[in-house]
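As structure tokens, the structure follows; a few thoughts come after it.
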Amino acid sequence: MELSDRYRMVRNRTEVICKPLITEDFVIQPAEFVSPPKWHLGHTTWFFEKLILQKFISGYKQYHSSYDYFFNSYYESLGPRVSQPDRGYFSRPSVEDVLRYRKHVDEHMDLYLSEQISEEAEILFSLGIQHEQQHQELLLMDIKYIFGFNPMYPVYSSDSAFESEEIKEKNIFIQIDGGMYTIGHCTDDFCFDNEKPAHQTYVAPFRISKTLVTNHEYLEFIEDGGYGDFRWWLDEGWRWLKENQISAPLYWRKSDGEWMHYTLAGEKPVSMKEALCHISYYEAAAFANWKQKRLPTEFEWEIAARKFEWGSRWEWTSSAYLPYPNFKPNEGPTGEYNGKFMVNQMVLRGASIATPPDHRRITYRNFFHPHRQWQYSGIRLAE
Amino acid sequence: MELSDRYRMVRNRTEVICKPLITEDFVIQPAEFVSPPKWHLGHTTWFFEKLILQKFISGYKQYHSSYDYFFNSYYESLGPRVSQPDRGYFSRPSVEDVLRYRKHVDEHMDLYLSEQISEEAEILFSLGIQHEQQHQELLLMDIKYIFGFNPMYPVYSSDSAFESEEIKEKNIFIQIDGGMYTIGHCTDDFCFDNEKPAHQTYVAPFRISKTLVTNHEYLEFIEDGGYGDFRWWLDEGWRWLKENQISAPLYWRKSDGEWMHYTLAGEKPVSMKEALCHISYYEAAAFANWKQKRLPTEFEWEIAARKFEWGSRWEWTSSAYLPYPNFKPNEGPTGEYNGKFMVNQMVLRGASIATPPDHRRITYRNFFHPHRQWQYSGIRLAE
Amino acid sequence: MELSDRYRMVRNRTEVICKPLITEDFVIQPAEFVSPPKWHLGHTTWFFEKLILQKFISGYKQYHSSYDYFFNSYYESLGPRVSQPDRGYFSRPSVEDVLRYRKHVDEHMDLYLSEQISEEAEILFSLGIQHEQQHQELLLMDIKYIFGFNPMYPVYSSDSAFESEEIKEKNIFIQIDGGMYTIGHCTDDFCFDNEKPAHQTYVAPFRISKTLVTNHEYLEFIEDGGYGDFRWWLDEGWRWLKENQISAPLYWRKSDGEWMHYTLAGEKPVSMKEALCHISYYEAAAFANWKQKRLPTEFEWEIAARKFEWGSRWEWTSSAYLPYPNFKPNEGPTGEYNGKFMVNQMVLRGASIATPPDHRRITYRNFFHPHRQWQYSGIRLAE
Amino acid sequence: MELSDRYRMVRNRTEVICKPLITEDFVIQPAEFVSPPKWHLGHTTWFFEKLILQKFISGYKQYHSSYDYFFNSYYESLGPRVSQPDRGYFSRPSVEDVLRYRKHVDEHMDLYLSEQISEEAEILFSLGIQHEQQHQELLLMDIKYIFGFNPMYPVYSSDSAFESEEIKEKNIFIQIDGGMYTIGHCTDDFCFDNEKPAHQTYVAPFRISKTLVTNHEYLEFIEDGGYGDFRWWLDEGWRWLKENQISAPLYWRKSDGEWMHYTLAGEKPVSMKEALCHISYYEAAAFANWKQKRLPTEFEWEIAARKFEWGSRWEWTSSAYLPYPNFKPNEGPTGEYNGKFMVNQMVLRGASIATPPDHRRITYRNFFHPHRQWQYSGIRLAE
């Protein structure tokens, strides 16, 4: 596909995701880890403006001098910015302003992409595309939080199939041989710096489930008193649970004796056959302990992933998010993209129903702090 | 004026205040003490629905079952509610929903007011009117905060006269005789319960300034190092100033050597002749100390107020907000209106340029915590 | 009495209070508002050294250069100091060091007092004496907290009479005439600056109870669900109670169905006839509301106090702690003694069983934040 | 050595460490991560009482019913306890009480160890011994913090050699071959559960420094503006540094232009040739980045450790603290010893000058949160 087609398609998809929103939904930030949808629209645009237009088009004039401040996320090298928990404190620029900003940048990008671009620019272009795709998933996560936090439980899309993922296969464990394996990205296709370099790792023989844990299985844990029994929990998980009075996955609540959960199609009864979603690493690890199983490492996952279906839930692994041997962050501002977050987070592998379809790779490393629940996370057991 | 005319006029004024806003402005809450404009629109409406329509119209059906939760402010007797700092976490009900809600309640109120209403209802009606007027002032305060917090400093109204108040008179002190005075509200006109009962108080002779403190006078305090000298400050004020790095009134900042302040007409150079605004009690008390003067008590203020112009700034007094002798809160839910806040707050007297014109009374007692700056507060000195 | 005798007597009493303590008790600070007994011993000594020895004895050399830092409480004019919540973070100077410091200062004071001293010095001397007496009460409060916080409930003094105060009189209300009264201190005896100047006040007729509220009466409030009914509470009181899960006076707990309370003689069953103790202003005000009575103002209290017994409990008044008309703080560092605390606190009148016997005056104004419970506070009702 | 000799020797060493302390030093807790020395004395004793005496001696009566509450550290299975940050809030049991408790338990242990004990008991006995040795190191860390926090900088031991460790060797890098290696503990000697099971790992070729980083090298980093340049820092490290105003290792300060650091022998000029100490993982990682080197993984460290000197500083590795493949926590309460902490911490390898001499193993895994500085941590670079 031509770069400009690819650009248009991805940029458009972001706006399609926002279609069901009303203006008010774009602005608020009901939790510090959530960003207002308006911010995502602006930030992804700023990324192209900052890394491509301002860099490669001589004479390009920044669209608005204060947008660096509003739309820089965490790039220390790109100057001061609104701190993450304050993103919901600004009504201006308006949604319309931001859409105009998108249009402006898109027009310039279109022009720019109509001619041959340098290799360096193409690398940054690809990063910009992947970056916007990442934010498409974040957008859905944040929209879900914004709606699911509201006691009126607004419907994002009445398409009830959305988000649901029935597990039909039997929960069998596949045997994987031990041995030396290559881990990480080794083709010429795009990947993030954290997937590289490809390297050899020894993995002992292991068994891994073909299927994700279902709501039904997780309910057994809940009903066995899992949230009240310290034996299954990491110490920090146990404290997290006590302090935040957690007793079920995010978006679940018991109403008139029935377990309900908020979905983007509205609040629904929890379907027993569907893949569990929205659990923290602490919950995933506790469940695995209770089952007398464990979570796979990210290496085991990568080795085994060709033998099972994946892609509806980001799957918690037991691996901390750390650099691969000889990891080198990108040069320049995008060196801040991944490497500086490599502490105190856990790796998730796979993809989710909220991930753009062409944004999945077997080597992809997603990562979140162990107490986060709002991503589309699930559990696959190993032993 | 007929009740229904009065009702329409006041209700309409609230919406006129919101005219310059775009949808985004209605939703956010950039500080916990601020409420989103949308919330004010809903809450004032809910007040009429809850205290009049639901009470006096048999068969009246509540507009929306969840609006109690969204729009109750602090009435324990009226059930659970969004906690104050979370009001900006909800995109729904939308601005349009809330305006529809206003229309619905207005139609029913109109119908209800077209016939003779009971004395009890009339009392609650007057309270609802005054309540909405109070929120008109809060709306302007909150809008100013929402705009003034934004580094793009949006203009609310380009009418540059708005908010400004030049002090032309000379700053002379009026002598007031000591003696027994009646304090508090004693006519049949409306007043809040906290203005009653009228009672006798002895006040020693005192002198009070005819004019408010100007920006010029306050700048002398700043330039004399007032914010860096503990001698002028209450202990809690000194700590407040250190912890929050306060070095000027709210909305002031020095830009290229010039003092600027945000006004609803945009950011402007601080005008030396205008009445100082947006200072906390701590600042007011420190300034008075530095001037070797003091703030008047609320009783002194009430006694002297016929002898000077007032109404552009709420004036901090040295009186703590406490019940008058033999104070009785209203019966029923509106008993929670004033009495339960009578601790840890200071009284302000007068009115401000943001106060609705017919919402001023010489006996009016406004009150805020001593660290609050976002009200249109000023200083009048006594000695 | 000679100054030096008075000095020795007061200084000695402080050490007598500490007699039952073991070294460990001197050091800890189990709550931020508590000070370690060691700190009281050092601070009261530093007060004499700083305000008298260093000022009036030429050539006096400070005992230890770092003691300014350790033992300054809150005097901004006397330099940097350990912040109040950190006082329990220092094991050195040791208890022995501090006792040596006391001895050193006492010897120099003794010498100094053996000759005629200036009027200025005598004023500061008196302040130092009164200051130490105030700390004697604080010492008992803090020791009680240190012991009462410990689940082993150590006994300070087995003298079971200590702290108890049976109310034998009948709970009758005395009628006091309205009129002009003189409030404040007007003799030449010592008083704090906050008791002055004496001034005229008009007080309406009122009735006030001859007796303090008993544990029995307060238990009726508890058993009537007083801590669960918002109607009796100030808004900030209600939030304080929820956030801190308060359901009884400090030191009370229900054990095997019986109400127990920690006393300096150990944990004992709550005696029904004794004067209630250790309640916050919020609790006092809620109790008064529930009883359909009110707390007296500090002026009413001062006017009526000759007509009832007082002195076993500090009595919460409904008056905020504010300066008297024409209040002038002392000159110099002791100007920070009282005035800078005149905001957000409530006045208590009387004295308590922990107050040194010659440290009581009818004009004495004690003050605490409304949520504090660890002082020996009680309730006297008015109407 | 006989068990009872080993017991006596280790128990005695704990008390020897406390010899230089005065009573006050035993009680305080100047930071939440520090424990009062008194607590260490009690907790290590309780460990033997709880896991051996109460379990294996029929009829053994607990020394004091409340000591479970005071001296349980984090064993959920052993009941409620003082929360970690509150350990310094208790003056009783006194130091003498705790020493009596030690004596009591020691006498019973002595008796018990005089006869043949079961294998199960011997395993717990060894654990108790190792546990006490771990607390000997913690004691030194906590004493150093208690003293180093005090602006009078008390001397623990004037032996100036203590803690110092001059690096004399040249800073050369050793080449280690890649290949399969066995990691973890595989002999019959004691080890903690987290060192097992031994397992195969593939490690790529690497180079590792023979020597620890010196103060001199670290000062170059400081003087190059290392603490002010975000490029070297993990994002969480950068925020930690900003929020806590960190600009040097713990215990360092610049005094009159000279770098000083607190040591247990008092405050001393920083010696350039000595091994750097008291840096957080964030600092270690930033320094390595700046040097264009990296920290070794814990596996690299274990493989290479026979080729260099180690034992004066715990060495930060780049490995997160995670279970080894097929890790099984101990059965019973000691299952809470290690496994439940395996999240959000980093592994340190080696030992320190505060580690008891017979408490070192090449497979030993120490772990701390990445922001902690008070352990005797250092840096060894790899590439």
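Per-chain residue numbering starts at 1, and chain names A, B, C and D are given in the order in which the chains are listed.
Please note the rule applied: contacts are C-beta pairs under 8 Å (C-beta built on N, C-alpha and C of every residue); 3 or more make two chains touch, one makes a residue touch a chain.
All values reported here derive from a predicted model rather than from experimental measurement.
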Intersection of contact partners for chain A and chain B: none
Chain B-chain C separation of Cα centroids, rounded to whole Å: 36
CA centroid of chain B to CA centroid of chain D, Å: 57
Two or more partner chains touched - positions in chain D: none
Overall pattern in which the protein chains touch one another (line/ring/star/complete/other): ring
Pairs of chains, among all present, that meet the touch criterion: A-B, A-D, B-C, C-D
Interface residues, chain B side, partner chain A - complex: 22-30, 38, 66, 69, 86, 88-95, 146, 149-152, 154
Chain B partner contacts - residues on chain C that touch it in the complex: 74, 76-77, 180, 199-202, 204, 230-231, 233-238, 281-282, 285, 318-320, 322-323, 325-326, 340-344, 346, 370
